[in-house]
Amino acid sequence: MSWYAKISALIALSGFCVLSAGTSAAPVAGAPSELKIGVVAFLSGPASGPFGIPSRNAAEVWIDKINREGGIGGVKVVPVFTDEAGPADKVVTEFRRLALDEKVSAVMGYISSANCLAVPPVADELKILTILSDCGTDRVFEEGKHAYVFRTNSHTVIDGVGAARYVLTIKPDVKTIAGIDQDYAWGRDSWEVFKRSMQKLKPDVEVVDALWPKIFAGEYSAEISKLLVEKPDVIFTSFWGGDLVTFSGQAKARGLLEQSTVVVNNTGADLKDLAPGMLIGSRGPNGIVSPDMAKNPLRKEFIALYKQKYGLAANDYIAHGAYHYVQALQGLKAAYEKAIKTAGRWPTTEEVAAAFTHSEFDTPSGRVAMGIGGGHQAIQPAGYGIIKFDSALGVNTFTRIEMFPARCVNPPDGMKSLEWIDKGFPGAQC
Amino acid sequence: MSALLETVGLTRFFGSVRAAEDLNMRVTEGETVGIIGSNGSGKTTFLNLATGYLKPERGRILLDGRDTTALPPRAITRLGVARSFQIPQLYLGMTVLEATLLSLAARAGRIGAWAPLQRDDRIGEARQTLAQFALDTHAQRLIGELPEGSRKLLDIALAVALKPRLLLMDEPTAGVSTEDKFEVMDTLAAVLRDSGITTLFVEHDMDVVQRYSQRVLVFDQGLVIADGEPAQVLGDADVRRAVLGHV
Amino acid sequence: MDKRLRAIAVLLVSALLLLVGVPLLLSGWLLFLLTVASAKALAVLGIVLLLRGKLLTFGHALYYATGAYAAGMAVRYLGVHEALVLLALALVAGVAMGALLGLLVARYRAVYFALLNLAFSMVLYGMLLKLYNVTGGTDGIGIGEPTLAGFRLGGNALRIAMYELSVILTAVLVYFTHRFFVSPLGYTLRAIRDNEVRVEYMGVSVWRAVYVSYIIAGALGAVSGCLIALSVGHITPDLAFWSQSGEFVFVAILGGTGSVLAPVIGSVLFEAVRNYAFELSPYTWQMTLGIVLLLIIFFLPGGVWSLTAYLPRRSSR
Amino acid sequence: MRLLLVVGLDGLAYASWLFLVSAGLTFTYGVLRVLNLAHGNLYALGAYLGATFVMRYAATGSTPALTYALLLLAAVIIGITVGPLIERLFLRRVYSRDEEVQLLLTFSISLILEDVVKLTWGVSPIFAELPYTFLGRVRLGGINYAWYPFLLTAVALAVGGLLWLVVTRTRLGKVLTSVITDREVSLTLGINVPRVYTLAFAAGAVLAALGGALTAPMFSLVPGVGAEVLVTSFAVVAIGGLGSIGGAALGALLVGLARSAAVYFFPELDLFAIYLIMAAVLAFRPQGFFGEVEVRRI
């Protein structure tokens, strides 16, 4: 995959030339010559392969498209790509550099939950419009208010609730469940949501085990042996990247998949490396191509553009992170255009933020509503399916795809997710 | 007169090699005792045992009647036993003065982390000590740059700076050229006489022992085979055979 | 006498420049950069201190994280927001941790010392991940905006205050470390580097000297970590990760071990370079570090500081 | 009873892996008295090259049986190219310098290799499971095991035995021992010490790369595996005593069993098992089980 590295490194340098092509409509009064936005994603480290690079590339092709169509309010969008890798202090320093040195008008990105918690306070301090684009943690808006911060992808609760509901449609008679998750925040959060949802939706379900291998441990033979001994009906995991690939490989080889149903709450790995038969969700209606999604023109366009620039496997599968970054751009565009309309001139950051709040906009993953978190947090449907080898295409694809509507898998505005689950999903519309 | 240093049945083997067996000896206050013996006769091992660097398999070491067998070198040093080495054990990265100052600070038990090492009064004393050994001209030089002879002296000076009651020297003239030998020993003898330090030194050179010790112990394969006046002991044929390997 | 006067004058001018001039002249983010750099310099100083005794540690981030999390815990569970109190807590935590681990570590040298520290830092890293419900796992802990000596500052004022705080604190601790280097204990550490046997034969406990030095280095690391926590506003287990320790070692060698000021210079240099170079090519970042380190080892063993030897200097040092 | 069997088997499998990845580290240290911090990166190189070979080969669709040879080949290639390169170009220049300089040197090399891997193989997980799946599974204690981990056990025993034979039974072994015990004397005996060093380092590199290559079919490869492996194998080696092959074996066995026991009985301790054992051992026996303490001659 080294050409990924080379190409994106190259583009990071020559971004301007790539983007300068484009016919722009007449900008409104007081419009700047260009709209500079910071785009942050993992360009190195374990999370760069499954999430960072695809997201970055998606943002790039989509900004390209936006500029071809006249930019935002007639102003060309100029991205400043930066690496998310490194400890929080570096990420925050980086954010300050974008805001104070690069003088960007907005920052989008952030895949790691830690960074999505570290950045918002700084964003408010510096009054920089910030769009969290892929991270999962529900703590961001449930534990704080951030006037300048928005998240255009739904938080991880939909993945857990969706997983539980999907398991019950596929395997209604499930008796015992077990979890195996990486020993860190994402793993703990994911397991908590799934476990509690299962216990609510099917109170007689018994939790037989919860295993916590070290993140990036790679070695799971002991864990798998234990699961083989315990024989749970369903095994939940929130593994991603190399760990997910390894686990699916070892589980398949040792017949764990024949004995238990394995459900994964994210598609954080190349589909071709995953074992058929696993239940898998894609953090929203993203990688999975459900019928209604196939009709979506934006999605068609996105896949076409992405394919043209970076090539794709026969199943047209693109990692969920990529869709999330396009969502962020669509949200930003919509907010700016709305604000311009109301203001009749180029809007202030505050006006854009106001327009962003509770807004709705179309994306390759369907219409997204900034439904909760006081209008700062998007809600989306949860999409799940079963991995199946498609002999015609010669690659893995999905079968038995289910979409759980946004209002079914998200808490109502103002209610904390775990509280909502424990109360038995009040107001859920499924 | 009570013994300053006394060993009782001191025994230590290295595998099958006997370094010391049932070794009984005593050094009394104010004496200057020489230990002589061929290589491997256990001279250095004896110093290592006496200073706690090695532990004996059997026997006891008494300092002023107090049992120090179990103590580590630093504790024994604090009890007033200083020691110099056959191969000088120095801080090559430091200047002569710094090393001496450190010895003085150590003697005073002042190894703090705040007050500077280089105090005027301390520097004064250090320079005196160095002067005694004719090292004061080297004060600011790095020890690593000193000639072998000066290192040897400094090694001893650092021990003397501790103002010990008992000084153990391991071949003070080893590595010193034959012509300088006596000069070096004269300097030492003078210093030790002035400061009234009881001295026990290991030597393989008969003339040196003859000239500078009041009493001689002869080691042979871990045993003391003779103990007495230099003249009479060193006259003995067996001794000469043991030490020189021929008559 | 007038030499002393001159020294004082120089000190005052540079203090004025650092504390008043810099904040006025530099852009917000450069100021932040300097804040971070001077804070991290303290952790590096700890490494340099240990290197005096030939003790190389690949786990100093352990203390860096200890300080940061001491502050984090205090914020999260005690609701303390006073920067000075948090710093005090961090200091105590650092000393305590050093005193505990030192019991084991101070017996070791060279490879064992280097990697035992590494192992311990990885254990702390693991625990910070694992104790999710206590430490927030990888999500970390938000520190929020601290008060400074009771004053609640916001936005830019706070940034400047944080800058001044870390510059002053760094200056003070650099001076303390200087005192340590020229103290008998400091020299003992150098002596240990050359010849432990002789140190014992001076009646000085090598173990104690190493133990105390280790605790001091730990304390420096902890204060450094706390300052970072305060100025960054969010802490994560990455603070304890091996690559962080590696970075400190790198900066220590880059700056050089010849002077207490070297770590500060190294740290500023490093932060500046990183924040530009890193963006140019994230893929070869570590390689760049590695190559620079090689060059220093072979061609500039004294680090950047050794270049000051070429500067015209007054007779007095 | 059956549970104990399962725990034992998992422990054994893990121990074999641990031994394979740490043998190189301890062997190199034993001869050169240099702890190679780039050990983990040699492991990574071996792993990535092995995986590449396997995947290229698998694409041709011919019999998987050959893939094992390919893994071995990858290890040897890395070992005899990168190993001597590091030793001759860099290490050789710092033998005379302080130990911490040697550590820093290998550290900087590890930083460089880290990115070399990233630039060559990219950042997405790479997984060459063919050799793993091809061996199929066996039913033990009522559950399925993959054969592959037990292949590792066999290899581990072979490697251990081979090293033991070489050191104790061959002329090369005698040369090694004399170089280890006294460098100067060996020189006077007319032994070409620099050459022995290069050989030893290369051998260590081959072992490291072999550990990686044999791991490739089990775990997917991601950037940064090197560092993880270095820390783990140091823990194992420290428990057994730096420089001792037997020690590494004992350390691996202890850690392996402890970890699999942890997974079964205290899942929350999984992460620490290895460090807890190391701390416990070192607290009572600083030089590890078979490590020897050097006393300064004075």
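The chains carry the letters A, B, C and D, assigned in the order they are written, with residues numbered from 1 in each.
We take it that contacts are C-beta pairs under 8 Å (C-beta built on N, C-alpha and C of every residue); 3 or more make two chains touch, one makes a residue touch a chain.
This one's a predicted model, so the numbers in the text were calculated from it and none came from an experiment.
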| item | value |
| --- | --- |
| Chain whose averaged C-alpha position falls nearest the assembly-wide average | C |
| Contact-richer chain pair [A-D vs A-C] | A-D |
| Most widely separated chain from chain B, with each centre as the mean of CA atoms | A |
| Gap in Å, rounded to a whole number, between the CA centres of chain C and chain A | 37 |
| Centroid distance [mean C-alpha coordinates] between chain D and chain C, Å | 33 |
| Intercentroid distance (Cα basis), chain D paired with chain B, Å | 48 |
| In chain B, residues with contacts to at least two other chains | 53, 89 |
| Multi-chain contact sites of chain D, meaning residues that touch two or more partners | 118-119, 268, 271, 298 |
| Contacts with two or more other chains, residues of chain A listed in rising order | 5, 44, 183, 212, 214 |
| Residues on chain D engaged by chain A in the complex (per definition of touch) | 3, 6-7, 9-11, 13-14, 17, 118-125, 127, 129, 132-133, 137, 142-146, 148-149, 215, 218-225, 228, 259-260, 263-264, 267-268, 270-271 |
| Complex interface listing, chain A residues touching chain D | 1-2, 4-5, 44-46, 48-50, 52-53, 183, 209-214, 216, 218-219, 221-223, 225-226, 228-229, 241-243, 245-246, 249-250, 252-256, 269-270, 273 |
| Touching residues (chain side chain A, partner chain C) in the complex | 5, 9, 12-13, 43-44, 82-83, 85-90, 92-94, 96-97, 99-101, 112-114, 117-118, 121-122, 125, 137, 139, 144, 183-186, 188, 212, 214-215 |
| Chain C residues within the chain B interface of the complex | 179-180, 182-188, 190-191, 193-195, 197-198, 200-205, 209, 212, 216 |
| Complex contact set, residues of chain D against chain C | 29, 35, 90, 93-94, 98-101, 103-105, 107-112, 114-116, 118-119, 227, 231, 234-235, 238, 242, 268, 271-272, 275, 278-279, 282-283, 286, 296, 298 |
